[in-house]
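For reference, the structure I am asking about is given below.
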């Protein structure tokens, strides 16, 4: 009697082990380590690469790409319908309404322009359009034309509020080329955050955004391109554990040579000519994408010594690479040299 | 007096039984060796059918007879498959037997739980040995072995549960 | 005699499976970069390491010792071809081609594994 009762009580439990068995068997094929999702697109005239960790990786990457494209359509002065184009058209007339994103980017640009004493200048468009480094064939403009245009380049002519901006003088114009790729990284990382991915790395051109910690616990390695080498040559790498943005500005990226003179695309808003940087490239690590992008331009123009306090203000650090093969770190960063042609300058 | 007699009779019977079960364990582990290696598993990872025998002995006759069978199995592996196989089998067999015995003693675990624990201990001991004998690559298998243990242990428990009534019948005869 | 399944069993199994899941999640996503490499180790030391490219011509690696084994490689795969070991488990592993595949000949203390190339860097600036 007792045994029979026990048996009865036992019987309904049988399905549990059977379920476990089935579950374990079904677990086997799914036991493959989850690989990060990678996606490559083209935006802002550059390659955009994403590596996203986490189950929502694919969706997040697609969303992030469209956010980057949206950013381009908001801030590129070359796109006639962009908010920046409208702002430029209305220069000297009236304020242009802006999306909060564009207004905030302009605000950051204005702040950084003032902090860097014009080494980075968002109102450079009259000059950059004159030099037009994307044209072919390329010529250095006449000095008189440069002098004319210089009169329109000053951050003082730009007024920004939370949802609008105004250029005070007709002929002024905004060019966010030195901030755009970094701003795209900002937008992408924001998408990662919203979508709840575990971690992700995005690069738009040479601007990089890093979100979260890599699932395998290792640090991110961001290689720094060798300014004198081919596209695949690197100097070494920066080690980053989590959330950070990296951008590089250098005279090797875009330039032309005319009558034996090399003209590089980073313009000095004071002279109207390409900046005569001491360094060939400057790589900046900061806590914002647009900020790191603008800082790299400003630091390139300023040089290491004058950059020190600016970087400090922004809690950023930079790596200056000199033509003689010296590499100088300013601020707190971890760089590992792997290229034998270079040496790290000890302070 | 009667009690002693009964014990003596049981003693002989138990030794005979143990011999039969030891032979059964060897046959099972030999048959298992004929199966193809399990995918994604390190060498030596098996269904653990012969574990059923040690499991039964551990529950019905106690720790030492069960360990005896585990050692026999290890020696058998040594004769047929070489020294490393013996080390692996001994380590896995003895650890799992000891653990299964302890779990039976607690009376909290069912056949499936004991089976899973035994399979887990077996695999863990083998993996540890393999780790020392070769290199770190083996650790890659650890999580898969956990899953494997859960499956094969459950299987062992179910099989033993199915076979137990038959053994009972035999014993009564 | 014994019950088949108890609450303690459920807890035990849950713990084991959770441990496995935790290890898997933790070790997941070891970023690999497409290309596969073969590593042959003897006594825990790498003695051969080569790219497992698709145009790899057939080759054999004789590995001496108390128990000699022969490892073969061809067209993106590597495998134990022959072994003097008693059980020949290593040979029965068959061809390895996917990153993570590992075969071991314990008696000979030789292991063969396929590894994905660990990504050297996550992004490039400049």
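For reference, chains read A, B and C in written order, and residue numbers begin at 1 within each chain.
The criterion applied here is as follows: contacts are C-beta pairs under 8 Å (C-beta built on N, C-alpha and C of every residue); 3 or more make two chains touch, one makes a residue touch a chain.
All of these numbers come straight from a predicted model, not from anything done at the bench.
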Pair with more cross-chain C-beta pairs in contact, given A-C and B-C: B-C
Centre-most chain, if every chain is reduced to its averaged C-alpha atoms: C
Where chain A and chain B are represented by their mean Cα positions, the distance between them in whole Å: 60
Distance between the centres, which are taken as Cα means, of chain C and chain A, whole angstrom: 39
Approximate Å spacing (C-alpha centroids) for the pair chain B, chain C: 27
Residue list for chain B, restricted to those that touch at least two other chains: 112, 143-144, 147, 150, 154, 157-158
For chain A, residues that touch 2 or more chains besides their own: 17, 20, 24, 27, 31
Residues of chain C whose C-beta touches two or more other chains: 3-5, 9-10, 13, 17, 24, 27, 100
Interfacial residue positions of chain C with respect to chain B in the complex: 1-6, 8-10, 12-13, 16-17, 19-21, 23-24, 27, 41, 43-45, 85-87, 89-90, 92-93, 100, 102-107, 109-111, 113
Residue numbers on chain A that touch chain C, as the complex places them: 10, 13-14, 16-17, 20, 24, 27, 31, 33-36, 49, 51, 53, 201-203, 206-208, 210, 214-217, 220-225, 227, 234, 237-238, 246-248, 250, 253, 281, 283
List of chain B residues in touch with chain C within their complex: 33, 36-37, 42-44, 59-60, 80-85, 88, 104, 106, 108-114, 116-117, 120, 130, 133-138, 140-144, 146-147, 149-150, 153-154, 157-158, 161, 164
Touching residues on chain C, where the partner in the complex is chain A: 3-5, 9-10, 13, 17, 24-32, 100, 120-126
